[in-house]
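Have a look at these structures, which come just after this line.
Across the two complexes that follow, subunit A remains constant while its partner is subunit B and subsequently subunit C.
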Partner chain A sequence: MRPSIALLRKDLLLERRAPEAIPAMLLFSVTTFVLFHFGLGRDEVAGQLAAGVLTVTLLFAAILGINRLFVAEQEEGGFDGVLLAPIDRTALFVAKAAGLFLFLALVELVAVAAFAILLLGPSPWPGLPGLVLVLALLNVALAVVGALVSALAIRTRARDLIVPIVALPLLTPALIAAARATAPLFDAAGASGPPTKWLAVLALYDLVFGLLAYAVFDFLLED
Partner chain B sequence: MYGKGLRALSLATFAALTATFALVFFYAPLDADQGFIQKIFYVHVPVAIVTLCAYVLGAIFAALHLRTRDRRWDLRSYVVIHIALIFNILGLLTGAIWAKASWGHWWVWDEPTLVSFLIVFLLFATYQPLRFSIEDPERQARYASVFAIMAGAFVPLNFVAVRAATAYVHPRVLGTTNGGLPSQMALVFVLAIVAMALLFALLCCYEIAAKQTRWQLRALRRRLLGSDAVAPLGRSAAPSLGEPARGGSVTRAPRNPAEAAS
Partner chain C sequence: MDAPAAIELRGVGRRYGERWALDDVSVSVPAGATLVVFGPNGAGKSTLLRVLATLLRPHGGEARVLGEPLPEREWAVRGRVGLLAHEALLYRDLSARENLRFHARLHKVAEPRVDELLEQMRLAGRADDPVRTLSRGLLQRVAVCRAVLHDPPLLLLDEPRANLDPAAAELIEPLIGRASGRTRVVTSHDPAGGLAEADYALGLRDGRVALSAPAGDVAPAQVEELYR
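Now for the complex of A and B:
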């Protein structure tokens, strides 16, 4: 566990000294909300539409972060460092997934507020606890799949092309569940809790892909 | 010798397909609601079932490749996913035709099987670009196996999510007991699945045999004409395990007469 924490601390320090992924994801999210306002031709959204706008925006913002996740390792020899160190290689996966989770949480802190101000029709407060739960589960999905896809794509020729075309279909079930679970929270007639069916699907997705990615990550770091 | 048993498998597939189509047209009863168009069911559903099973099979082969480090498993995984992708397109097209005929639209979103099928197709369509963008053959095989395992696990999970998201429109032929499928139809349907599975296996065997023959031919040309006479392979999405210094698992012809005699 300690190597993971050390690697995570390294990533957080890097992001604090030279902010790169978080500001980009944040600006991207807010710009996308503005684009949705003009693209949909609406001042306010509610219900399923609001849930879709929010979750799709966060998914695309996550793609930006996923693209950058291993760039430092690739360019500055971090992979060699991990391979040479007497630690489990999955420590890197755990650190990267945890880092991406934290990045996404920070981005959502601002992006959800911006969404509530710019686009959301009904008040966000009644549905907030449910929203935190859904977004936490969605972030786990984005983090584990994102860390794996990022490691898969980093040493290919077409890195920034491979990440979205692989990650988007792979994350479709998580997006379906998150968007459906969020919809009742933004209902114009008054928020109700997120349906347990969708929370269960999302949790199942997290569990299956978390374990699977943990199991196969080793094979991506061999040379 | 490559392609052992291909002739027998070809004949069996031909017989099974002919028998299936004969029974579909002359034996299976007409559907009371949909009439003749319902007969596409005997192509569409078996193709879909074989496709999904093949994706899972590709994942199992990929796991075996990672476990044993035998590149032949990567070749099998590649070929299975390759043919399954073609079957997947066939399933999407027949599904669209059936949807147009029975519901009046080429595409129906509230139909979980078709939608999951599209998502699975979109995911597996990235398998070849991923392979193509990795040059080192060993790493290509390894990364492709990791992808195949994730994607294979994705197939059932995706079905759970999409099915939960949509109302039931699609006929549930296998879900309920006896499914409302008359015994005559069920018999033809089972035969159609067997025929499609045979066709799938046959195509896979052909592709593997063709690839191995091509590699052997290259190896022979290299030995006879010298390595300059054989142009190096370009970048490829396909596994290349017959090339020299890239895994010695392929059976090679003996190098000289003395070796052949021993």
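Now for the complex of A and C:
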């Protein structure tokens, strides 16, 4: 666990020193909500439409973060330095996934507030605990698949193309489950919590892809 | 050369796509000895270092580093090799101290070692500046610190004195020179200087061995011939 913590600390320090991923994801999210506001020609959205707008926007914002995940390692030669260390290479996966999870959580703090102000019709407060749970599970999915795809893409010349082409289809089940779980929370009538069925689907997705990524990550880094 | 071999290569090859960057390379380096590798640009010197560092897998032949066969037991070699490559392998937005502390954590090295090396390399005054603000020479000194931080028995040095003034070259000598007592593989374009620090000389041309002999048996003119 210590190598993962060292790697995560380094990534957080780099993002604090030279912010790249978080401002880009944040700006993208807020801009997209503004575009939806005008594009849909509606002042307010609710239910399934609101859930779709929020989750799809977060998914595309996450793609920006996934694209940048290994850039510091690649551009600055740090990758070789890490690969030379006597550590389990899955420590790198754990650190990158944890870093992306934290980046997404920080972005969502602002993005969800902006969504509530710019687009959301019903009050977000009653469904907030449920929304936090759904977004946490969605973030795990984005972080796990993102770290995996980013490691795959960084070894190719077409990194910026590979990430969305591979990540979006892989993340489609998670997006569907997150949108379905969120929809009742944004209903005008309100709901006490997200449907258990879709939460379970999301949790199962996290578990399956978490184990899969853990198993194959080492091979992705082999030359 | 009776000491056990720290490096043993037999017919090692490595290709990029269809092109063999290393082809049928054989060499043996006893523990504590220095192998200097000569050759023009693109001859395969850096590829050889990356194979020995376990960053590239050999595509042919047998390779043994520090007694461990590659690639089967490459994990047992990692952490016992210090690589000084063309790139500094440092994060440019972090300071020298932050970079070295990061690598110290990965290698389970006590942090006082970082301060000790920074002092030794006379970098203490710039240790907290982002490395992107350092000159090439200072950056190379930080890279030397990173390469020896974990006290590796094997050093792989790609033109280690490039970008260094004579005083700085003298400064790094105790850490990566002959006096360090480590097994070293050094690439060089300086026939006289390279041979002076070598126990064994290897010349590469187009990935193949063009010269392989004890350094004492090699004249600088033979090395210069590699570049013609």
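By definition in this document, the second predicted complex is superposed on the first by the 223 of 223 C-alpha atoms of A that agree within 3 Å, B and C clash if a C-alpha of one lies under 4 Å from a C-alpha of the other, contacts with A are read in each partner's own complex, and residues count from 1 in each chain.
To be clear about the criterion, contacts are C-beta pairs under 8 Å (C-beta built on N, C-alpha and C of every residue); 3 or more make two chains touch, one makes a residue touch a chain.
The structure displayed is predicted, hence computed values, not measured ones.
K.L.:
A:V30 in the overlay: touching subunit B, subunit C, both, or neither? Say first, second, both or neither.
P.N.:
So A:V30 meets neither subunit B nor subunit C here.
K.L.:
If we overlay the two complexes on their shared chain A, which of subunit B and subunit C does A:I87 touch? Say first, second, both or neither.
P.N.:
After superposition on chain A, A:I87 lies in contact with subunit C alone.
K.L.:
Check the residue A:P3 against both partner chains and state whether it touches subunit B (first), subunit C (second), both, or neither.
P.N.:
Touch status of A:P3: second partner only.
K.L.:
Mind working out whether A:A18 is in touch with subunit B, subunit C, both or neither, as first, second, both or neither?
P.N.:
Only subunit C; A:A18 stays clear of subunit B.
K.L.:
For A:E222, select first, second, both or neither according to whether it touches subunit B, subunit C, the two together, or no partner.
P.N.:
In the superposition, A:E222 contacts both subunit B and subunit C.
K.L.:
Going by the contact rule set out at the top, does A:V71 touch subunit B (first), subunit C (second), both, or neither?
P.N.:
Neither partner.
K.L.:
Determine, for the superposed model, which of the two partners subunit B and subunit C contacts more residues of subunit A.
P.N.:
So, of the two partners, B touches more residues of subunit A.
K.L.:
Regarding the shared-chain residue A:V166, is it in contact with subunit B (first), subunit C (second), both, or neither?
P.N.:
In the superposition, A:V166 contacts subunit B only.
K.L.:
Taking the two structures together, which residues of subunit A meet both subunit B and subunit C?
P.N.:
The answer is residues 222-223 of subunit A.
K.L.:
Tell me, which parts of subunit B touch subunit A in their complex?
P.N.:
66, 119-120, 122-123, 126, 129-130, 133-136, 138-139, 142-143, 145-147, 149-151, 153-154, 157-158, 160-162, 164-165
K.L.:
Mind listing the subunit A positions that touch subunit C in their complex?
P.N.:
2-3, 6-7, 9-10, 13-14, 17-18, 72, 76-78, 80-87, 222-223
K.L.:
Hey, which residues of subunit C end up touching subunit A in the complex?
P.N.:
Per the stated touch rule, the residues are 53-57, 75, 78-81, 83, 85, 87-94, 98, 102-103, 105-108, 130, 146.
K.L.:
What residues of subunit A sit close enough to touch subunit B in their complex?
P.N.:
Residues 148, 152-153, 155-158, 161-162, 165-166, 168-170, 172-173, 176-177, 180, 197-198, 201, 204-205, 208-209, 212-213, 216, 219-220, 222-223.
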